[in-house]
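Shared chain: chain A. Partners: chain B in the first complex, chain C in the second.
Our next item is the complex of A and B:
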């Protein structure tokens, strides 16, 4: 499977590079309307045609992918840090602290993910600028996705806290913070990396679900959610296969993230 | 919730048809919610009497709405789970027992693609293809069931006592029923509980996009209308149902382990 993993990494790097260079590659801005060319077929000027508002679809795919590919890892980083903090402290402290924190984590995990997300989203204003909606969506994902990872990190931290080298460090006079920072955190890095990579595709999928339901990133800023929502009009224009490009790209990117995880980090 | 912009203010305050006295009466009715302890005391008191409050957007009792829509969602979830488990588990058994790499590859590819599709996209594709939408939840839980069952069964089938049973010439069916399934059963039962939660979560996009009048569609409408009271109650109801499902699967797992011992 090494070749598949390498291919996935190369593909993700290529897509990320294309998205970062969207300003150079895209023929127009994602919001620019070619009013006389609505629902146009692919051409040299518009490689993927235009949407019903006359916006260049290729530009929207590039910018939409950029939004999701930059912010899903940022949300995953936030989640991993929160999980490391909560799980690390609970596992290291043990005893009542661990029981109390893990009881809270279990309570949090029992809430159905999408129900929790839309409830929190409903608490925040819906009529906001596109940039604010992007930040709200991904910050919400980052802040609410820590519980599962925290349980795993707590179990790892507990095992490490009871290990011989920590006992030796304690006997050598290392105090709590030094033990935590110099001995525990470096040994938690592999599980933190795994949790980070597991969270990225989960957040991309969740953002797409929220976007399609109209609770994600606001127009005119594109994201995968808003790009995939355009599939609703697919049946009326059968034969326009280029409309499926965002979906194909989405599947390829998410499956690439899954393949990156195949080095043993996937759960059972 | 209390820190969110717009809390304590209602659109009714701006309704020109209402008199100053009516607006004042509405404000006084909401004033009780200002104190957090008073609010929760009243809320829990109402909850104990079976009153979940009223939906602000639909102007109807939440309990009535839940009673109307929960059966629809339960029907979809039950059908989806039955379909997902039948297909996913049977395919996993076929892959592990036959040890045919082609079947494994095809199954893994299908599951890989399905795991990359958000439930909302699947719902749209079902609507476009005019497929029976109630089967959608089955397609959402199927890849998770197949992947976990396949790995669990493969792990169980590699255990020494299973290899010994095979070496002694036991048939495939006997090895599966008497040696592989009992080892994997507790984890499979735990997976059953997890898939209930997955199915309920996927019910939101399915019901919203396929126009099925269930709890998921209600939650979506409540989110768009920022009807937080309704959403919180719906989340509580769904959490209760999934907790009951998880507890039941835990209990079955424990009973199974005890009877095995």
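Our next item is the complex of A and C:
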């Protein structure tokens, strides 16, 4: 499977590069409405045609992928750090601290995410630019997604804390912080990597779901969520295969993330 | 010679093409409801599905002809409004029976009105009759007449009876005994309803054949519009009463004969600015939003033709004002939709001290003009309109932020916290009479969206609208009412508290198997003449 993993990495790098160079590659602004060319078929001017409002779909795919591909890993990083902090401390401390922290984590896990996101989104100020809006959306995802990962890390940290090498380190005079930083954290890295890579596609999907509900990234900024909304009615797609490009790209990117994950980063 | 004569007569009849002569009795008409009816009690119907069942089963004293928009006799042969609009007297048809065989009389009308006006029932239909505090008097008169007296005059009183399905005072079946063309034969909760032909229905066609022609109506509950479309194309249902533009174009592409665009409907899409004095907006924004020049400038900067052409695929027309041109009597034909004229918009803004600086519009204090518009999430037509308006306004240096909110949050902002700047929503209008818009136009009303529940009118023009709306409601003279409401429309056109965007067209799809269907703009668009509809002989036999 090494070839598959290599292909996935190359693909992700290529997609990321294309998105970062969107300003150069895109034939038009993602927001400009060519009102006389709505729902146009692919052409030299618009390689993936135009959407309902006459916006260049290729430009929107590039910029939308950039948004989702940059911000989903950022949110995943935030989630992984929060999970490492909460889960690591709880697992390492054990006893009452662990029970208390894990009770809070369980409470967090039992929250209805979607409604919470919708509520928080509704409470935000209205006059924010689309860029700020998308940052807020992913920051919320990052802040709300740590609980599941924290439970796994807590369990792992607890097992490590009771292991022989930690006992040996304690016997050698290592105190709390040194024990945590030099012995525990390095051994938690594989789990943290795995949690990070798992979170990336999850956040991409969550933003897409929020987008389908109309609660994702604000117009006119595109994201995979808003691009996938074009496909919400299956009868729309018939006869316009090029509309499937964002979906295919989305599947390929998410699959690539999973392929990258298959070796090395999985907890053992 | 006789054979030749008979053939000639037959050919003449066919050539005349009388629907009644050709109408095929029998068969089962199929169509979909988007949700389950919340009630089968006609007095409590408020949702679309319940209103559909009420329309198909309920017998009414008078009916608004959905094609001509004129009032026509049904269970009442004549009626008279007297006492300055407080009293209405109906002459009721003799010899009619409910679907279960119970005789119908003026007593049933009195009973229905008594039920309708019972405060404990909370009938939404009854609300339209509650003009003021006081008791409604129902008096059964000799010769099958009934007189109903309200505590205060009600303008357009007779037309309100279009919604009142008469119930039996004596039938053991209570509200299930009906006088309409069908009665509820079977109700499988969450799945379907079957309405069966009322054997005692009073109306006959010109040839003396009993109506309705179709034996039964099956209403399948189907929320998914894609599935509804598939079922139509497979021939499993006979029509879709109301389509959006996207689905309509798909139907038209598959079979142009099925697609019916009846023209502009009564429904409108509009945006408005928050003018509530106590809202938490900065004072400079309040000053913008309360300025007529500012609102007019925004209105003139919006390309309504493009909204209609692109968002609604040409199945909408630029809106003029509070009344759609589909409302034949009440629309003020002197008014035209505001033209798309960004030059004029900038001139108006300049009059208020706004100026362009590096492509950004600024007010006289140097604040860049930026505001947000909220709309309900999930409504792609409104989201697209907002996005197009965003580009239009950017052309005159205004930054518009489009915010989609879930509906409860949006309602909370526009009705309680007033923490919003502009809102884009639609108005679904069922009523032709301007009295239905009293709650929107009176400054003291809750639904006076831009600045609701005012103790005293905030502006002179709102005071003028209050005066005119009350004046039209207190007279029975149609000409005087029309003149007053025309002025209201003119003021609304000049001041633009609501920036009317488009009137959507009434779109429907009807299978060629249905005869005599003439979709109209008023609800229910396709089956308004349900008793006259028939199915082709092949379909009628197969069902």
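The rule is short, and it goes like this: the second predicted complex is superposed on the first by the 246 of 268 C-alpha atoms of A that agree within 3 Å, B and C clash if a C-alpha of one lies under 4 Å from a C-alpha of the other, contacts with A are read in each partner's own complex, and residues count from 1 in each chain.
We take it that contacts are C-beta pairs under 8 Å (C-beta built on N, C-alpha and C of every residue); 3 or more make two chains touch, one makes a residue touch a chain.
For clarity, every value in this text was computed on a predicted model and none was experimentally measured.
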Chain B versus chain C as contact partner of A:250, first or second or both or neither: first
Touched partner set for A:208, first chain B, second chain C, both or neither: first
Touched partner set for A:118, first chain B, second chain C, both or neither: both
Which superposed partner A:126 touches (first chain B, second chain C, both, neither): both
Residues of chain A touched, compared between chain B and chain C (which is higher): B
Touched partner set for A:176, first chain B, second chain C, both or neither: neither
First, second, both or neither for A:53, with chain B first and chain C second: second
First (chain B), second (chain C), both or neither touched by A:231: first
Residues of chain A contacting chain B in one complex and chain C in the other: 118-119, 121-122, 126, 213-215, 234-235
Sites on chain A touched by chain B in the complex: 110-116, 118-119, 121-126, 201, 205-206, 208-209, 212-215, 228, 231-232, 234-235, 247, 250-251, 254-255, 258, 268
Residues of chain B defined as touching chain A within the complex: 1, 4-6, 112-113, 115-121, 124-125, 127-128, 148, 151-152, 155, 187, 197, 200-202, 204-205, 208-209, 219-220, 222-224, 226-228, 231-232, 234-235, 238-239, 242-243, 246
Touching residues on chain A, where the partner in the complex is chain C: 31-33, 35, 38, 52-54, 118-119, 121-122, 126-130, 213-215, 218-220, 229, 233-236
For the chain C and chain A complex, residues of the former touching the latter: 225-226, 229-230, 246-247, 250, 306, 310-311, 370-372, 374, 376-380, 383-384, 386-388, 390-391, 401-406, 409, 419-421
